[in-house]
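In what follows, a structure is listed as C-alpha cells, so that the remarks can point back to it.
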Amino acid sequence: MAINKQVANVEEACKGVRSGMTLMLGGFGLCGIPENSIAELVKTGVNELTCISNNAGVDDFGLGLLLQGKQIKKMISSYVGENDEFERQMLSGELEVDLIPQGSLAERCRAGGAGIPAFFTPAGYGTEVQGRKEVRMFKGKPHILETALEADFAIVKAWKGDSSGNLIFKATAKNFNPLMAMAGKTTIAEVEELVPMGELDPNEIHTPGIFVQRIFQGEKYEKRIEQRTTQPKV
Amino acid sequence: MLDKNGIAKRIAQELQHGYYVNLGIGIPTLVANFIPEGIEVEFQSENGILGMGAFPEEGDEDADLINAGKQTITAMPGSAYFDSATSFAMIRGRHVQLTVLGAMEIAQNGDIANWKIPGRMVKGMGGAMDLVASAENIIVAMMHTNKRGESKLLEKCSLPLTGVGCVKKVVTNLAVMEIKDNGFYLVERAPGVSIDEIVEATDGRLIVPGDNIPEMDI
Amino acid sequence: MLDKNGIAKRIAQELQHGYYVNLGIGIPTLVANFIPEGIEVEFQSENGILGMGAFPEEGDEDADLINAGKQTITAMPGSAYFDSATSFAMIRGRHVQLTVLGAMEIAQNGDIANWKIPGRMVKGMGGAMDLVASAENIIVAMMHTNKRGESKLLEKCSLPLTGVGCVKKVVTNLAVMEIKDNGFYLVERAPGVSIDEIVEATDGRLIVPGDNIPEMDI
Amino acid sequence: MAINKQVANVEEACKGVRSGMTLMLGGFGLCGIPENSIAELVKTGVNELTCISNNAGVDDFGLGLLLQGKQIKKMISSYVGENDEFERQMLSGELEVDLIPQGSLAERCRAGGAGIPAFFTPAGYGTEVQGRKEVRMFKGKPHILETALEADFAIVKAWKGDSSGNLIFKATAKNFNPLMAMAGKTTIAEVEELVPMGELDPNEIHTPGIFVQRIFQGEKYEKRIEQRTTQPKV
C-alpha cells in the first residue's frame, strides 16, 4: 500500500516552517512558483528566512511578498533583476545575497538531494563566484568545486499530483521544482490538481513520491505572467 | 552601420544545419527571426525547453510556457520540456552548439563581462556564467560602444567578469571580429562603415589584416 | 531456529509506517510477504521502480517490468518509474529509510562483505556498495553460519569489503543482534535457541547482556 | 523546424562504430537493451571494444553475443553474474573487467553527459573500489572522488521516439538508457515505435532529442525475460 502524504490544506502543509530556517522555493521567474504556500508564509509572518530560489519574484508577487514584509534575511539566487524592493534591501545592506550561476544552483540542489556532497563545474571559474573555492584542471580546463545545497523545507509547485506525492509538472513550470523537491529535509508540494492514488501513469511521473512529504491542492492559482509577449492573430 | 536587427541577421548566417542554439536576452533573441532557408536548427532556452517557437498569438499565452527572458512563447513540434539541471547538462555537456549573448564589455583575450556593475546594477548572472564557461562556440552580439559612446571592446574588462577567455567572435553594429592572437581580428565591416571608424570605436587591440576588409553580405 | 521465511518475518517487524524500503536479493525479498497489518510502506528496487508489487499472474509477465533481481514483477497503484541515477539519488540521498540485504560475512564493527570471493566468484557489487555506504538503517538478513558450518559473524571480514562500519543490525536463523560497542550485541534469541548455541555459532565478539535474552515474538 | 535524426535502418545507425572504440550500452539485465544494434555489432564483427554496461547479458543474448565472438576487450559494469562465458574469459585473463558500484556507474554516465568532470560519493569507500581515488570528508563522512564516463558511441533502446530524437522509455526498461544517451559523443537510439515529429507530448519526454544523433525503429524485439517469476492465477 502506497504511503499517503496528503494534508488538508496549506496551513497544515506549512506547519513547522519556523523563523531562521532555510527554504528552497521552486519556480523560474513567476512560472511554477508555489503561490499558495508563499501566501501562507506571508500570513504566518515567519521571518529571518534564508530562501534558495532562482529569482526573487516581482515587487508585489511571488517572493517579493516575503521581501516586502522583511521576512527574508538572505537570498540565494541566480537572477534577481525584476524586483526593485530586492535591489533596495540589498544595496542598503538589509538583505544578504548570494548570487550563484543558474546551472550551478540547479546542480547543487540536485546534489543535495542525491547525496553528492560536491562536484566540479567550469561555471564561474575566474570570476567572483570562484572566491576561495578549490580549482582543479580536467582535460586542460579549469573547474571549481561546488558543494551541495539542502534546505529545512523545500516548497514546490506541480501541475498534477497524487496522494503518495508523485508529481507531474507542466511545460517550463518544471524548472527548479523537481530538483528542490529532492533536497528538502521536508518537501511540501502544492498542486493544481490532486488525484487519487493510481490515477497517474507511473511512466509519466517527473518527481517520484519518495521525495515529497506533504502534498495538497492549492486553493487558487493566479499564475501571473511576467512578460506577456504576443504576436497579432493571423 | 547596422541596427539591432542587422546584427541579428548577420549572426544568423553563422547558424549551421543541425545546430542547437541558445540565444540570450536582447539582440540575440532576434536571431531566431532570420534563420537561413533550408536549414534546421532548434532553440534551447535554459529555463527548460528545446524547440522554442515564436511568441503566441494574443489570447494564447500560457503562464506555464516561457523562455529564459520570462516572455510567453510557444513550442514547436518535436519540442521537449525538462528541469533546470538537465537544461544545464545540455549546456555544460556541450550538446548546445552555439551560444549567442550580449555583453557590457569584451576583452581582447575573450574575457566577457555582462552581469554586474558594482554599486549600480546587480541583477545576477542567471545562466550566463554556465553558458560562457561551457560553450565551444560563443558569439557576442552587441553595439560597439555604450550609451556614453565608450568602446565596449577593451584591452581588459573593467567590470566583474562573467567568464575568461571564452568569446570566439563578436558581431557589432560596426564589424565582425574574431578573438585571436590576443586581439580583435577584423573579419568584416558593416555596410558603409570604414576601417577607420572601427579603429576609432575600438579601445582594445584591433588587428586589421590588410586594407581589403570585406563588407558584410546581409 | 528460524528458516528463511522466519528471518524475513522477524525483519518485517522492523518496518515502520511510511518507510521506503530497499530489499536485496534472497532472504530480504521475502520480507515483502510479511508487512505488518495497518502500516503503509513502499518498496524501492534500484533498477528503477518505487511501489513494487507482487509477482505477476502467469501470462501477465512484462519484460519491461522487473526488479533488481531481474524477476518479473508488478507495480502497485501510486508507483513511479525512474532512471538509475535518480534511483541512486534516492539511496545516496537517504530518502530510503531501510535497506535489508544479505551478506557473506559481517564483522563486529559493522563491516560487510557480500560481493566477491577472490579467484572463485566475482559477480560484481551491483548496487550493494551504494546501498551500504548510504543507508542510515541497514539490516542484514542471513544464516548465522555458511554451508561449511563456519560462522559468518566475525571479528574481521576475510573477504573483500562491500562497506565499512555500516551494518546496524543482523537477523539470522539464530538471533537478532545490534552492532554496538565493537561487538554483536545480542537482543533476541530465535525460538528454541539457547544463548550457548548462539555463542557457539559466533566467531566475532558476542555481547550477551545478562541471562534473560528474550525469545523473538514472531 | 526541428532537426531530423532519423536513419533508415540499423546498418546506417551503427556506421562508424569501429574496433577499439568505447561504447555505452543501455539496459539492466536483458531489460531495455538495444537488441537490434547488438545484433548488428555481432554482424559487423567489430572488436577490441570497451563496453560500458551495467550487465553483460546472458550467454546467448544481449552483450553475451559479443562476448561469444570475443569482440569485447574490456567490460565496465556493476554486476556480471548471469554469464558463464563472461566468468570464463575474465578468470582466464582474456577479458579486462572494471567493476563499479551501480549508483556510481549511473552517476558517472550522467556526469559525462552533463559536463561534470568529477564528483564525490560515499559508495566504495574503504573497499577495493576506492583504490587510489581521492578521499575527502564531508559532514564527518568519508567520500571518494569519481570521474565522468564518456563513450564514442552510446547505444540506447527506448519504447517510443520521434524523428527529432526525443525518447520515451517504458517502465523499468528506462534504467541506464537516459543517462548513457547523454554521454555518447554519438548517441544511437533504437525504438520500438518511431512516430512523426510532434506526436509525442513534450511534457512526457524522458530524453530530449538534443542527446540523440541517430534514431531508427528496430525491426523486431525478442525482449527475453531473464527470471520469469509468477504467481498462480486467482
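A, B, C and D label the chains in the order they appear, each numbered from 1.
Everything below uses one rule, namely that a residue touches a chain if its C-beta (ideal position, glycine included) is under 8 Å from a C-beta of that chain, and two chains touch if they have at least 3 such contacts.
Remember, it's a predicted structure, so these values are computed and weren't measured experimentally.
J.: From the centre of subunit A, which chain's CA centre is farthest?
T.: C
J.: Calculate how many whole Å lie between the centre of subunit C and the centre of subunit D, each centre taken as the average of the chain's C-alpha atoms.
T.: Those two chain centres are 28 Å apart.
J.: How many angstrom between the C-alpha centroids of subunit C and subunit B?
T.: From the centre of subunit B to the centre of subunit C is 55 Å.
J.: Centroid of subunit A to centroid of subunit C, CA atoms only: how many Å?
T.: Here subunit A and subunit C have centroids separated by 36 Å.
J.: Give me the residues of subunit B that touch two or more other chains.
T.: In subunit B, residues 49, 75, 81-82, 85, 88, 91-92, 134 touch at least two other chains, as defined above.
J.: Residues of subunit A that touch two or more other chains: which are they?
T.: 107, 110, 114-116, 121-122, 169-171, 202-203
J.: Quick one: which chain pairs are touching?
T.: Here the touching pairs of chains are A-B, A-C, A-D, B-D, C-D.
J.: So in the complex, which bits of subunit C are touching subunit D?
T.: Per the stated touch rule, the residues are 45-49, 54-73, 75, 81-85, 87-88, 91-92, 111, 116, 119, 122-130, 133-134, 160-165.
J.: So in the complex, which bits of subunit A are touching subunit C?
T.: That would be residues 1-4, 110, 112-116, 162-164, 166, 182, 197-198, 202-203, 205, 208-211 of subunit A.
J.: If we count contacts the way the header does, which residues on subunit D are in touch with subunit C in the complex?
T.: Residues 28-32, 54, 77-82, 87, 90-91, 97, 99, 101-107, 109-110, 121-129, 159, 169-179, 206, 223-234 of subunit D touch subunit C in their complex.
J.: For subunit C, which residues are in contact with subunit A within the complex?
T.: 17-18, 20, 40-42, 44, 49-51, 75-82, 85-86, 88-96, 134
J.: Would you mind writing out the residues of subunit D in touch with subunit A in their complex?
T.: By the definition above, subunit D touches subunit A via 107, 111, 114-122, 136, 138-139, 143, 147, 168-171, 202-204.
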